[in-house]
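There are structures below to look over.
In what follows, subunit A forms one complex with subunit B and a second complex with subunit C.
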Partner chain A sequence: MADTELVLLGSRRARQGRRSPLRRRIAGARWSYVYVLPMLVLLAAFVVYPIIASLGYTFYRWDGIGDPTEFVGLDNFLKVMKDFIFWKALRNTFLYVVIVVPLQLVIALALALVLNNPRLRLRNLYRTLFFLPVVTSAAVIAVVVQLLFSNFGDVVNDVLMSLGITNTYIDWLGDPTFAMIIIMGVGVWHTLGYNLVYFLAGLQTIPGELYEAAKLDGAGAIASFRYITVPMLRSVGVVILLLSIIGSFQIFDLVQVLTNGGPYFATEVVNTYIYHLAFGGASSTAVQPDVGLASAASFFYGLLLIVFAVVQAVFLRTLVSRRGGRA
Partner chain B sequence: MTAIAGRRRPLTSAATRRGPWVTHLLLLLGGIAWLYPFAWTLGSSLKSTDEFFGRGLNPLPGSPLWSNYAEAWQGASFGAYFLNTVFITVATVVITLLVTATAGYVLARTHFPGKALVLVVVAATVFLPHGYTIIPIFDIMRGLGLLNSLWSIIIVQASGGVVFGTFLFMGYFRAIDRSLEDAARVDGANFHQIFWRIMLPLSGPMLATVGLFTAISAWNSFFIPLVFTLARPELRTLGVGMYAFIGENSTDWTLLCAGSVITLAPIIAIFLVLQRFFINGLAGAVKQ
Partner chain C sequence: MSPIQLNRRQLLRAAATAGGAALLAGCSTPGDKTTGGATTAATLAYWDWYVSQAPWVQNEIKLFQKAHSGIAIKKTTQVTDKYPDLMALAVRSGTAPDVFLLPKAPKLEDQVSQGWLTPLDKWATPAWQARFPEGSFVEGVNVFDGKIYSAPFSALAPSLQLYIHHGVFKEAGLVNPDGTVFVPKTWDDITRAAEAIATKSGGKVFGLGFGNAQKGALPWLIELFCRGAGSPGGTQSVDYRTGKWTYGTDRNYADFLTLLLDWKKRNFIYPSSMSISDEQARAYFAKGRFGMIVGGVWNQPAWEEGGFTDYSLVTLPSPTGTPQAFFYGFPGGYLGAISAKAKHPDDAWAWLDWFYSKEAGKRWVEGGYGLSIYPDNNDPAAVTSPTFKQYVAMAGTAINGPVPAIRNPDIAKVEVAPAQPDIPDVAAGIYTGQLKDVPKALKELEDRLNDALSTAVAKAKGQGLKVSMADYAFADWDPAKPYTTKRG
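Showing the complex of A and B:
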């Protein structure tokens, strides 16, 4: 009794508050502003403003020291688009995404299907096991892989030579093709856990009764997968696919530490290309740092990714709705 | 129907009797292979340089050489890098939790003019193209005079996670029963008391989730500390320190292995203790 009275009283006061003049409402909510302000300040200063500011740099030739003064208009964009290394980096990045994403998703889904069985003992242990690389630093993993290959390379070379397959030692991380394959393999290994957990979450939203009903109707494992799992997983699957693609396009740490984009730009991805433009650094490129050029390359890449994301979203939506309509 | 079921039952029970062992064997072998790089690193961190090459892919050291750790800690200054990384991680977690819990609370439970605008702006930043923003950020830090301290890394690191954390806390606080707040208000609790004494203590699981996500990303962060320590080696984090070390002394393989273990072990341990929160947090992100 007393409780309802109090709630009524509270809501009446709230309604009165909403009707009062704006200034009094602002004054009344002053602590709300104080509480939300730190978040807004961090966001404005270190996320929003830098995006706008870096757009301004794209019109200057600037080595990053002092203030930008040499206005070059759209020259930086033209330069980037004429730079064959940019296109090579873009091609390498796409190649990485096109190979790593499907490979990773197929393995993750297969593993998720096995681990989703509630009668499988130790399933949480296995999940943790395969998830573990996710929480480790890509930079340190790259160091470990480098160390591992200083040994592994020799062992495999010995085997290959004794079998007579090759007669020269292969420098695995120094070979353009093998370096890229190694980066892709480590990429699959390092982030597979995300997709495993995502798929497990998706599988758990499918009601168990559906499978039981299918079993009663005489459906086997393959039929259940084809007619229950796949359609029920479609909307979550699209989200997983998009997250996986977005994440893969951002590859940087692994390449920077493992190969620095080398040998001869064979593993240069767009983010290492931009980093090398802004900070010089790479011994193989040894270019003058140019923040304007780096900003232009970054902006251009950002635009490409947005266009790509829109095309993808439209394509996937039509795919989902068409199949969904049929089912 | 019953005939089919009758014929099927022995088949499936035979399959389930044999199935789990094959499954377990494959999963276990796969899992060992999956974690082999970690095992090899741990073992190699205890090898002598001769053993490192002599034993190749065998993860086990002949006689454990513990001095690698002492050398890595002091000689290769991984001790200093470790302390830098711990400081950055702890400070980033504390700042992120304070900033996102307070913002998430007022956005979920209070009304104020302009709230809708705040929500739209915060959500919009997720979709903005994040270009090459490190240079303007660097300029702001120079203006604030923070380039010579770890705080520049901490603030940038925290800023990157505020949107994610704010949304998580918002969702969590929205689901808490309102009568609790009303009862406290009736008892005379003011705005601050309601948040700090009632709402925040109730948000334990979300504090753990956001804290763990923030800790892992801060501990593993590479690009931000790399850029902010290019001219200041003494501020390096473990990841950046390893990267620099491999460039300078590319022959001290076993020390690098020890450094890798020093970098990997703490975050793996924290994850193993709190993994429930991390995995539930990830799963929740996809389900919505």
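Showing the complex of A and C:
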């Protein structure tokens, strides 16, 4: 009996002994927790709670006014799955990501390599210039671009026609192909600065001795880039790639302001599709907002993105582990 | 001077104080101006979507405030296509304006049933109602369960016109033998005029332009041209002769869209029309970038204010030159209302009454904004603007048409789900070449809309309402003549 009590006491002390350092660590870092708390509360209130709350709305037809009463079961999900506009928007979103991300990363890396050169004069000025678009709101940029094309689109057309490059006027934001190209171009330009700064930070972690050693061994600029820069940037590069992909999937304001998803859904992306479902306004006729349908579309899109993210994570992990890097 | 240095605690305290002060300032109500604890003025919040008409509203507010020193009006003008959303959000958050122009969605009936509005019966006495033309207050239109919620503001008038730029037409030699500008009346006239403009200008000036960025301008073209050709539903309603949507079966729609594509192919249409806004298109028209534009009477005050008066207007161009169908209105009508949560309902009524007064209506007509509900105000002799005179003279192209909700009030309770894509999108798809088979696209649109209607009717029946698809059909209706809907 006494032995048993001793064992129990011992195990309890052992547990307390295990907890105490954790408590001590928490107590020691209490200010850090206090500082993190407001952000956590905001995250819970404005991100986590709406996600959970909107799950309930997916089962209702609801215009966002009053309480939802018209229960429709899984009809909203079926409607979204059968809606060709959703699939077109999904295709456009992936097209945007597939084109913008590689283009942006290649340009950002090339610029970072140039701007990382300590012999380049005024490099801080160039860095600032390339970063400037990032601090400007996408909606404001879109308004300016819209005004540029609507006011000076004719001038561009006249120049192109006089040079013999085109033989007809182009409605830059009203043509299905050109509108998407312009959105992608503005998208690349707008967030290029982020990736540029990330790559610059990554480049500055590579020890200069490695390049000096390679130079002594007779390696040229291309060989140094291929055998030193690329492998050393791999870990940072994977993070930049992930952030860039996530950022590109969030495309909304550029499309909403520049084209409103038109013409005929040629530039509709999933986020604008959801917005149009939730708040109407996709057409000049009064479209009834349906928050339930929009919530179902959001959840369905979320599921598709989770599947995509899992596939992507597995692929990237395999890629990094094969090359001996760390993700 | 030494720099100010704060430790962390002082900094936090200062931030909390500043934040608290900002919060208190943000929570204060601007509407209640108090001096020494006594309220001196009631501030009414008023919302509308009037942009071109803003000078009229501002003038009325000025006159009203002068006559009612105790009431101040705070006007907010919301962008047209977001107005219903903003109003719904305002009602939901308890910040609805005291007086507002009624949004198109939800239906007025639903706004009433959801408790958005104050009944006006307390003030809208029989004497007040008597100043309006007969048949202005109709159950199911602006009266629900015997209570009045709004009143008609404008007389029936054409919704859309084709505007003709005199300068462009003269440059292209489009003048009559007597030297006046040639005004096209048929579809062929318009094609010939557009061709002449494009040819004479060497492709620098275009025949026709529009601003479809808000997705409304293409449907306007279809509406104007197809009504003229004899499609009485236009883009607004079913064809009440059959009670069905007819985009696919009525060949006028396909014919017009084919003609439009032909104009586009021959470079008669301003090329950026799909991406510019209607406001931009109106400005380009005034500058002579193209010779014709479709729009409403609201275009005219802004043009005239900007000094552009050298234009003509014509409505319902048709293949033969004689319109086969018209614009249809209904008895009753509504525009302004008072919120159920209005803090000063009597003051809100005073403003609404002023807004609807005969004098304000007279100034509305004199300003060239539209026709007044009071027939005396619409005397062309009193109109000084020659272009607005042309508009007033076209009032006969708008007549009363059938109203299913008058024959069967239950029809007003049928909620038809929006069909997507609807005409604005399908028209854009056809115009940009994404929908290549025009008749097929129109037939699919027709089927979608008819399915949505019959589904809604079936659902309403299931809820116990006495409705059927036959309620939308008026076999005795002649679209060329005014129609009086008999109560069921």
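By our rule, the second predicted complex is superposed on the first by the 268 of 327 C-alpha atoms of A that agree within 3 Å, B and C clash if a C-alpha of one lies under 4 Å from a C-alpha of the other, contacts with A are read in each partner's own complex, and residues count from 1 in each chain.
Here is the rule we go by: contacts are C-beta pairs under 8 Å (C-beta built on N, C-alpha and C of every residue); 3 or more make two chains touch, one makes a residue touch a chain.
Computed from a prediction, not measured in an experiment: that's the story for all the values here.
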Taking the superposition as given, does A:133 touch the first partner, subunit B, the second, subunit C, both, or neither?
first
Taking the superposition on A as described, I'd like to know which of subunit B and subunit C A:279 touches: first, second, both or neither.
both
Look at A:150 in the shared chain and tell me whether it touches subunit B only, subunit C only, both, or neither; answer first, second, both or neither.
both
Using the superposition on chain A described above, determine whether A:31 touches subunit B (first), subunit C (second), both, or neither.
first
Figure out whether A:172 sits in contact with subunit B (first) or subunit C (second), or with both, or with neither.
second
Based on the superposed arrangement, let me know which partner A:64 touches: subunit B (first), subunit C (second), both, or neither?
both
Quick check for you: in the superposed arrangement, does A:85 touch first (subunit B), second (subunit C), both or neither?
second
For A:262, select first, second, both or neither according to whether it touches subunit B, subunit C, the two together, or no partner.
second
In the superposed arrangement, what residues of subunit A touch both subunit B and subunit C?
64, 146, 150, 154, 279
Write out the stretch or stretches of subunit C touching subunit A in their complex.
81-82, 84-85, 88-89, 91-92, 104-106, 114, 212-216, 219, 267, 271-277, 280, 417-418, 420-426, 428-429, 431-435
So in the complex, which bits of subunit A are touching subunit B?
3, 6-7, 10, 14, 17-18, 22, 25-26, 29, 31-33, 35-36, 38-40, 42-43, 45-51, 53-55, 57, 64, 114, 119-122, 126-133, 135-141, 143-148, 150-152, 154-155, 189, 194, 197-198, 200-202, 204-205, 218, 236, 239-240, 243, 252-253, 256-257, 274-275, 278-279, 291, 294-295, 297-299, 302-303, 305-306
Over in the complex, which subunit B residues touch subunit A? Could you list them?
4, 16, 20, 23-24, 27, 30-31, 34-35, 37-38, 40-41, 44, 52-53, 56-57, 98-100, 102-103, 105-107, 110-113, 115, 118, 121-122, 125, 128-137, 139-140, 155-156, 158-160, 162-163, 166, 179, 182, 185-186, 191-192, 195, 216, 219-220, 222-223, 227, 230, 238-240, 242-243, 246, 253, 256-257, 259-260, 263-264, 267-268, 271-272, 275, 278-279, 282-284, 286-287
State the interface residues of subunit A toward subunit C in the complex, per the touch definition above.
63-66, 83, 85, 146, 149-150, 153-154, 157, 168-176, 179, 259-260, 262-266, 279-289
